[in-house]
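Following this message is one structure expressed as structure tokens.
Each chain carries a letter (A, B, C and D) given by its place in the written order, and its residues are counted from 1.
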Amino acid sequence: MRGRQQFSIHFLQYLNAQGKLDLPLPEWITDTPLLLTIYENMVQARLLDQKAVALQRTGQMGTYPSTLGQEAISVCTGLAMAKHDVLVPYYRDAPAQIIRGMSPAEVFIYWGGDERGGNLNRTSRDLPICVPIATQLTQAAGVATALKIKGEEGVVVVSCGDGATSKGDFMEAMNLAGVWDLPIVFIINNNRWAISVPLAQQTRAATLAQKAIAAGIEGLQVDGNDPIAVYDAISKAIQRARENQQPALIEALSYRLCDHTTADDASRYRDADELKAHWQEEPLLRFQQFLHQQGLWDAEREKALQQRCQQVIDTAVAEYLALETEPPGAIIDYLHAFLPHALETQRAEIMLKSHAINSREDQK
Amino acid sequence: MSANLPASSQTVTGPATASTRASTDTTTEAETKDCVLVEAINMALHYEMAHDPTVVVLGEDVASNGGVFRATLDLQQAFGAERVRDTPLAEGLIAGLSVGMATQGLKPIAEIQFMGFMFAALEQLICHAARMRNRTRGRLTCPLVVRMPFGGGIHAPEHHSESTEALLAHIPGLRVVIPSSATRAYGLLLAAIREPDPVIFLEPKRIYRAQAQRICNDGQALPLDTCFTLREGEDLSLISWGALISECTQVADQLHEQGISVELIDVATVSPLDMTTILQSVAKTGRCVIAHEAPKSGGIGGEIAAQLAEHALLDLKAPVLRVAGYDTVMPYAKKEALYLPGVEDIHSAIQEVLAFG
Amino acid sequence: MRGRQQFSIHFLQYLNAQGKLDLPLPEWITDTPLLLTIYENMVQARLLDQKAVALQRTGQMGTYPSTLGQEAISVCTGLAMAKHDVLVPYYRDAPAQIIRGMSPAEVFIYWGGDERGGNLNRTSRDLPICVPIATQLTQAAGVATALKIKGEEGVVVVSCGDGATSKGDFMEAMNLAGVWDLPIVFIINNNRWAISVPLAQQTRAATLAQKAIAAGIEGLQVDGNDPIAVYDAISKAIQRARENQQPALIEALSYRLCDHTTADDASRYRDADELKAHWQEEPLLRFQQFLHQQGLWDAEREKALQQRCQQVIDTAVAEYLALETEPPGAIIDYLHAFLPHALETQRAEIMLKSHAINSREDQK
Amino acid sequence: MSANLPASSQTVTGPATASTRASTDTTTEAETKDCVLVEAINMALHYEMAHDPTVVVLGEDVASNGGVFRATLDLQQAFGAERVRDTPLAEGLIAGLSVGMATQGLKPIAEIQFMGFMFAALEQLICHAARMRNRTRGRLTCPLVVRMPFGGGIHAPEHHSESTEALLAHIPGLRVVIPSSATRAYGLLLAAIREPDPVIFLEPKRIYRAQAQRICNDGQALPLDTCFTLREGEDLSLISWGALISECTQVADQLHEQGISVELIDVATVSPLDMTTILQSVAKTGRCVIAHEAPKSGGIGGEIAAQLAEHALLDLKAPVLRVAGYDTVMPYAKKEALYLPGVEDIHSAIQEVLAFG
């Protein structure tokens, strides 16, 4: 006997690199405010990102991973989610986090080396940024399980990079989402590089979306530089997850126009021509052209937007630079709900040491 | 904004701690039963699932099979498939799931089938469970329990007999708790579940079905972060935990007949360590032997001895000896008796310490 | 733009449960000695397995995982491999290991709790049994990489259970095999259960073979109770791996007719009717019927075979029971090539303790 | 059939060990160069790849990028894409691959990008690398090296600054080696590669680019399993390893000016421990301070102090103090100076010990 099972993976793109339409637009496209919001958030994201890089370069912040060129994915993620959904972000998702209520200053605070950068306005139940690659994925499955057990209607959106798909956690989480019918959307920012390792050395799979087949769940590949395709795919996947408790994987094809982080120098391993070519596909300009074509955007609006963004950034920088040092005890006080007796002596030592450090610094 | 209060000093008879502070049920009639250790664990799980709807049990074979040691017996029947879940076979997943659930107000109790299979779970436990509260400055917390059977002596296959508690105990933010009797298993597991932070609960499987004890199923927790002084004595402090407590007790009995009085201390929470109790004991006896199954080098016995070398040097009348596993891979069943510390090993270490000076 | 990628997974079966042909036989079927060797090894495997269970039940051996009903997979694995290939087995692969030269006694020695059960006749470079589920898979990828780097033409065959496919290592290894073009064949013994967890709770994927799609490598599902299909699939995959340095995944559908191990009681969680139904599909009887139909087998040959097998088993049991205790120093002498100075005292303690234990036992 | 010979006692000046026994190249003219620590590592890798065709380098970003710290710079150019390989992003895979390769006669040198990402690799290292020789009674061996940058002080993001060497040091079968200077990095890495068993090689990244040293690229290994006594002294033994050696040296200098003579010991191989050297030192000085970056509880300092409490009780004129990280999660960059032991901490611990009794 010979039987056969068939599987397929679709690729979705509305706007091509020239901002021209390849497909009839989806129904929601008549929602002009939404289109503008997408654009505005992308611009905001890019400018904030530039500022973060500048702060690092001037020694005012630590190592920072830029989102340059990948704004469409994170912005559409943030905008497609409902407030009661839960975001489990990775480290290029500041735009989504900010849309969901994180103060822009937290970006600087976190990458400035201060734990308060993970406090996300105190009450959010979104998870903080996750540094160990791919570990957020199984946690996201846990969050989705919790929502399901508690009978809440929220959906979990979790993101990762292309490199992260090689780590076992990615498959473990997707596989579970399939078996347990979890309301979860997995989003891959496939920016083609994991530090210096190009996609072709990460996997031989023709698409990352087809990894969903291994878990028996739906997978879709979208042009991650096309905000319409990205928003369309994510919002529909969230809707299906909400209504049918069905997980999905979305691979968004983008390109890392920046170095991996400010500690990296991509010119060591990446072809300048490749980089240049991908600048032709980046999402901001493409979407701006589209909005122009639709009569929704002009130079004046652009100028006003830039000003608004600058204000947000100025406020964020001011907040960051004005932030008072956290008391020294904080490094041990948040370890447990209650300080264990065994740590009392060490806590006292920390206070003394802090005092000594401060006096030394005062003397300088 | 600090969520922290200074903790009260925790002694056996001391004031309530974080865990015992949680309310226990006093309205329904509490049943009393003879239980072996694994039954006590099962009873505590039933109790807490009945009283706290946020408790969820997950792991491999914990549902219809009731756990390979039957620790989760009948939980799924009693509390349903939503709250008692078999996971796919992936320890990293089990840990990550638990972290995720815990951040959203549930209290996952995960089972790792044998401690020898915990390694794939460590990334989540060390990088996330132990840090979630700190990383979010108290916004999200991670109140989970990871149960694992551990230790040798049941002639199990490779990887089923190790004692690697020291790896966990070195991780700030993780509590590591080890019961040594049915009664303490019941009370400490309840405390672990009620603890607002992650607890690794290691179950000495060699004594899973040893001596039954009468337990009142009243939901009464025992304090964490506290040694249990099982027997008071004047001549020597014998410090141990888990299954070896029974060998220690035998030795203490033997010595008692010879007129030697041993103070036997069950550490119970091996991290954070209650050194107050141990230091007080050694201040009295001046002599100390520590016994554990794990390899000697880098074991928790070393930490205890080091603290004695720091804080009790003048009290010590003799070297601090550790009776422990050798610094080699746990041998397969045929030679595990050669590896595991036994009554004679403890006995002769004590004799050596008593004979000193 | 909408694009589409197509993938398919085939199912292969020659002999159905009644030992009847479903497909024209493959070309190699004219190789009568091979057909008989397959059968004889399956019978040998089953009888040795029975003896192992009996030894455990009578307290002469420790916990043991039976291969009952899954003999076709492991036997065909062993037979399809060339001597210079490398086997990276899992714990239900004693039949393959024995075909590759392991002494049958080693099965008893290993599960009897003695490290010498992993010595595989001293010179083999096959890996020993692997207890931590799925960890053999990335090792196998390492073995295949080594063969490739050294320019050897061997192929690696690695096996695991259905449960193992949920653990990240499985995907990590397959993914790498794809990127690095490794000569490796992954074989899943899909016996439908992972201790008490049925396949449906392990994954939602319709087949395990489709997990290969995630790695961009070839996947095939075969009837694991049909030795012809199993041998055909494995030998062809090995050939492709050898010639083209191409990895493949083979899912062999079987059924665990036994308890998980002798420490398990499957009646606690498994339906008696399900078990009974699967007895109708088991590979030995099916293949015997086929050989009968082909005129290659009769009662007399069966009797002679049983006797030969019994002799092998008797020899193995005798060897096992006669095995002298390993010297006590062995528990530390094999840790390193040279005993570190720091361990000399402990080694002396081990010798003393062994002496003490022995004297106590002599006194009894 | 035992493959083992009794090891010779290993001291700095002692006879050749397993690792130094391996032949070194003496025919070609050896180049001499000023190197910082990470360059010394790179030089050792180049040397050994050139002289041993079985050596293979693998990890994330080790190939075209030359490693995020440039430790594997130009290796791929020099030795090709077969022997210098970027892996997909999966530490468990990197470790499993290395184990598999090592069993087949290669010598993999794996890089884990930062020690904070080693946890997914632990299952392979603990369950397999450390056990392959034992499990096969010497039939298969596992001569691999896992290199990992570790430790704090470079203002790196979360998870990039921890020191969890104690977890590895507690695993029988794993050697754990930590250089504290460019010279020792060169010699110890060569020894690690030539060792016939698995070695974890931890690189103190804070001093990757500190003080350059003149190194002769002659392939000469330094002995493993041996402390290096960096400076002899009479008044106190100061024991440390890795980056903190430089703070310890500063303190020893300061004290020297005050007429206090400190014996400074770089442990170098933190497992197995060369206690012979440490005990001899403490027998002479009677006082001991141990310094490490890892959290104090369960750190390797505890094992050393415990062995002192066992073997040197009568030698000790003062408590053994440990200067270490606090038992809390490594804080982010802004507060790492508060966490990390510094010159003043070591200084005041020594003062306390000297003032005692």
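Everything below uses one rule, namely that a residue touches a chain if its C-beta (ideal position, glycine included) is under 8 Å from a C-beta of that chain, and two chains touch if they have at least 3 such contacts.
On a predicted model such as this, the values are computed, not experimentally measured, just so you know.
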| item | value |
| --- | --- |
| Chain whose average C-alpha position is farthest from chain A's own | C |
| Between C-D and B-C, the pair with more C-beta contacts | C-D |
| Between chain D and chain B, distance of the C-alpha-averaged centres to the nearest whole Å | 32 |
| Chain A-chain C separation of Cα centroids, rounded to whole Å | 43 |
| Centre-to-centre distance between chain C and chain B (centres being mean Cα positions), rounded to whole Å | 37 |
| Interchain centroid distance [CA atoms averaged], chain C/chain D, Å | 39 |
| Numbers and ranges of chain C residues touching at least 2 other chains | 115, 131-132, 166-169, 172, 175-176, 179, 201-203, 330, 335, 342-343 |
| Per-residue overlap in chain D, given as positions that touch at least 2 other chains | 88, 90, 92-93, 116, 119-120, 123, 127, 134-135, 158-159, 172-173, 272-273, 297, 326-329 |
| Contact set on chain D toward chain A in their complex | 60-61, 63-66, 68, 86, 88-93, 116-117, 119-120, 155-160, 296-297, 326-329, 331-339, 344-345 |
| For the chain A and chain B complex, residues of the former touching the latter | 86, 88, 115-116, 118-120, 122-125, 127-128, 130-132, 135, 137-150, 168-169, 172-173, 175-176, 179-180, 329-330, 333-344 |
| Sites on chain A touched by chain D in the complex | 62-63, 111-115, 131-134, 163-164, 166-168, 194-197, 201-203, 263-264, 268-269, 325-326, 328, 330-332, 335, 342-343, 346, 349-350, 353-354, 356-357, 360 |
| Chain C residues touching chain A - in the complex, by the definition given at the top | 1-13, 16, 22-23, 166-172, 175-176, 178-179, 200-207, 210-211, 213-217, 221, 223 |
| Complex contacts: residues of chain B adjacent to chain A | 2-10, 17-18, 56, 82-83, 85, 87-88, 90, 92-93, 95-106, 108, 123-124, 127-128, 133-141, 172-173, 196-197, 225, 272-276 |
